[in-house]
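Take a look at these structures.
Heads up, the next two complexes both have chain A, just with different partners, chain B and then chain C.
Up next is the complex of A and B:
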């Protein structure tokens, strides 16, 4: 029982970080119907930026979130203006896959040249500290990363529900044509939305490097998980992505402890397929109606 | 008219053939052409370039001393883009088009296995630095000579031998074996497990995790719950780092901690797990910068002069490539020939001193030596076993994590 509870703690903390990464992916899809398969590479790019700030300028990795996130927001807006905006028409979504995959490979290539392919870790002095509560170990950095993820997701939620930009974003997600008729500048919303999506990757990347070793190729595994999370949660659903990420974290940790690590990742896909059989639109997705 | 044209063309062809033949002969008389395919781009490019540095360094050193049998060494290096298909084309071209005298091996088992077959087809000796996996030896080719002390799957046997050399009271009584699902990881730990189980060390936990496993915390929780005296991980670098970090966070520190890869990188490892937490961790390696092997001190000096850096940033792949050249150099001196047939026959007998130690091979090219057991002691990595190559005595138990 002790191991099961410990696994659940680890799973929830891990799931929180994945929720932050996936939130940007699902948001971008909701606004633009663009599947940003560069999201994993952007997480790794942010992990490298945070690592560099820590190793060269001794900036704490959690503090680096406030530096890396705005920089990546600008990068996201620029990428949307340069590469994504021109993808219009019925094939826009499919073409966006190719374009964002090209961005991912470009980021991987640049990182490989600059940092080489060896693994890196951001290790602050408190990296191995744990809280022992009732016999359970809670890693300080994992708890901190989870807390940061919750805080950023909360800010994202407030941005979407309490601001003019947020209302414009939600209107664009629900019906871009109607939003445009009501005076929403959907091009501007798309650019800012893509920037916000990239920002969530940036925040998650800064803490990712504290918990896991990473190299330029780490994004392949990340993006497969993130896509699974947003599909399970329902494409475009922020709440769905958060719940799916937590579910993934807990299921994988429990299976690794109780059955075998070899079935760990597979088990999540079993859950994914089982839920999609019942709800093809994902847990919180909306089924599109056609005439 | 037509007949005259045929005569002229025939004459030109004959003249050209003689010119080509004489140029090849004169080139053959003054140079020893060695063809190599390396991964200078693609997935293995870091290691491919490290091998290139080793090969070029050896060629420069040997040429500065008059070459081999009076001939200057000339390397022809082609990029295989880390592709097993391209590597076959490259060796085919090197042998049939460039008419190289010898070939040296590429990087990794994945590329060495098909390349060895090409070399065998044309009767070339295939002396190679980086293809130590079962795929290379299962073809049972007599022209293969792997220039490391032991095949990869036997690389951790030295840890089992060290454990069994301890008095019974100091040996671990229980062990856990978490291994990466990788042909260069889990078979290594399996061999150690068999050796230790036979000696009475009880296995309390074993598992194989897939390469996409990012979070090692659940696995470490399971290991910790089984309370093993020793944890022996068949690993690559990334998973070893993640596993050690998870152990630190779980405050689980076994008496013996071994990983087949990861802790054996003196430049990277402290930065991955924290410099305060490296002590007492074991790993294995085929080469060490301070090793007292034949020509090693000169190799390290020459390398640093040519490429800079520190001795601990030298990629072992460079040393492995350099050793490949040393084998040929020594064989030529002993056999008074670089004829491939004579090399293949000659290298199957005796021992061959290199920076990788004194090498000898069985009939299919598997080296018959032992890798080095290395351990982190006072923040530095040292060879600690076998005693004849050790620079420090091993210590146990592993101290607790620093914080």
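Up next is the complex of A and C:
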């Protein structure tokens, strides 16, 4: 029993970080019907940026969130303007899938040229410290990463509900045509929205390197999980993505202690297929129409 | 057959016989090697096009079935020592059939989803198979890889049997595509691509049509995986279930022209020699990845319709020299990208 509770704690802490990465992915889909396959590569890019700041300038990885996120926001807006804006028409979403995939390949290539393919990790002085609460071990960095993720998700929530931009974003998600008719500049919303999506990857990536070792190829593993999470939650549903991320974290951690760590990622894909069998639109999704 | 026209048949026969004669004229092993890889991608792209190009459902997971084919052959001939020499080529159709049948229940679940969700679900299939290849250590030997018996083909022309086997699969794929395009199944698939809800409304059995096309595509992909495994005689999870192989085949289909008969082959014959040249020039390292990403981006942003449809447009604009084709309506119909 003790083991199971411990696994659930680890699962929820991990799930929180995935929730942050997935929230940007699902938000971008909601706004412009684009699946950003490069989200995993962007997380890894942010992890490398934070790693460089830490190893060269001794910037604390948690502090580096504040530096890396705005930089990547600008990068995201630029990527949207350069590569994604021009994809319109009925096949726009499919093409965007392949375009963002090639962005991911490009990032992977550049990172492997600059940093080589050896595994890195950001190890601050407090990396191995844990709290013991009622006999359960809670790693300090995992708890810190979870806290940061919750804080940023809260900020995202406030941005979406309390600001003009947030209202424009939600209007665009609900119905782009009507939003345009009511004077929302959907092109601008798309660019900023893509930037916000990339920012969530950046913030999560800055702390990712403290928890996991990573190399330029790590993004395949990440994106497979992130995509499963957003499909499980229902494409475009922010709450669904967060819930699915926590569910994934817990399922994986439980399988890791009860069966074997090598089956933990696999188990989540099985959960995904099982849920799609019952609800093809995911837990909170709306059924997609034809292309 | 119904729409066998002399020009088309002659073109197909000339293409296949020229390719078949190629390794008997050119003996340099490295050139024939490039030929094998080119044909492999031509086959993969044609198989991908048969399902995704015709039905409009983008599958990102066909590499899973390439890997399943490779491992089926590997396990059959390593663990059960079922023979060597030309034997593995003879069991290829069985492997294709087997993998296609195994994939059907999964496909039935995946095909309950639409558009983007379908693309993502198929992508997770790829990771599921890769995980299985890693974890089922007893039969796949996990990350250490699986070795196949090396056939005793003559050293001078070692690549030739593999080349001819690949060519046979590509020919089969093209024949199947050609047949599907002229059949009721093809019409059903094109209708699904244009508007699935309407197609269902007028009585097209959409699920059945999608599953048949899927099975054909997967079977061909698995056969190509089998030949590839035997050619390399050594397979491991990362190389046999490689997202890059799949994305390469998709890129070639887009370059040549998605939904056309010859497009994927044209795309492969343009890109693979260039890709192999880059590989030998820069080595299989990171610059290669960057170059690949750049080419992909250029193709998608500049030429999203592909070479063949664009050429056809040009020839029509030049005064209608292009032969009137009865299938223009489905290829460049109102739903086609402008």
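Definition applied: the second predicted complex is superposed on the first by the 286 of 291 C-alpha atoms of A that agree within 3 Å, B and C clash if a C-alpha of one lies under 4 Å from a C-alpha of the other, contacts with A are read in each partner's own complex, and residues count from 1 in each chain.
Following the convention adopted for this analysis, contacts are C-beta pairs under 8 Å (C-beta built on N, C-alpha and C of every residue); 3 or more make two chains touch, one makes a residue touch a chain.
The structure displayed is predicted, hence computed values, not measured ones.
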item	value
Contacts of A:14 with chain B and chain C, given as first, second, both or neither	first
Touching partner for A:265 - first (chain B), second (chain C), both, neither	both
Which superposed partner A:175 touches (first chain B, second chain C, both, neither)	neither
Touched partner set for A:86, first chain B, second chain C, both or neither	second
Chain A: partner with more touched residues, chain B or chain C	C
Contact residues common to both interfaces of chain A (with chain B and with chain C)	117, 224, 262, 265
Chain A - residues contacting chain B, complex	2-3, 6-7, 10-11, 14, 116-121, 123, 125, 127-130, 137, 139, 141-142, 211-213, 215, 221, 224, 252-254, 256-257, 260-262, 264-265
Chain A - residues contacting chain C, complex	29, 33, 35, 83, 86-87, 89-91, 93-95, 97-99, 101-103, 105-106, 108-110, 112-113, 117, 216, 220, 224, 227-228, 230-231, 235, 262-263, 265-266, 269-270, 272-273, 276-277, 280-282, 285, 287-291
Complex interface listing, chain C residues touching chain A	56, 58, 60, 106, 109-110, 112-117, 119-121, 123-124, 126-128, 131-132, 134-135, 193, 195-197, 243-244, 247, 250-251, 254, 285-290, 292-294, 296-297, 300-301, 304, 335, 337-338
Residue numbers on chain B that touch chain A, as the complex places them	46, 178, 181, 207-210, 212-215, 217-219, 221-222, 225, 237-238, 241-242, 245, 248-251, 268, 271-274, 277, 401-403
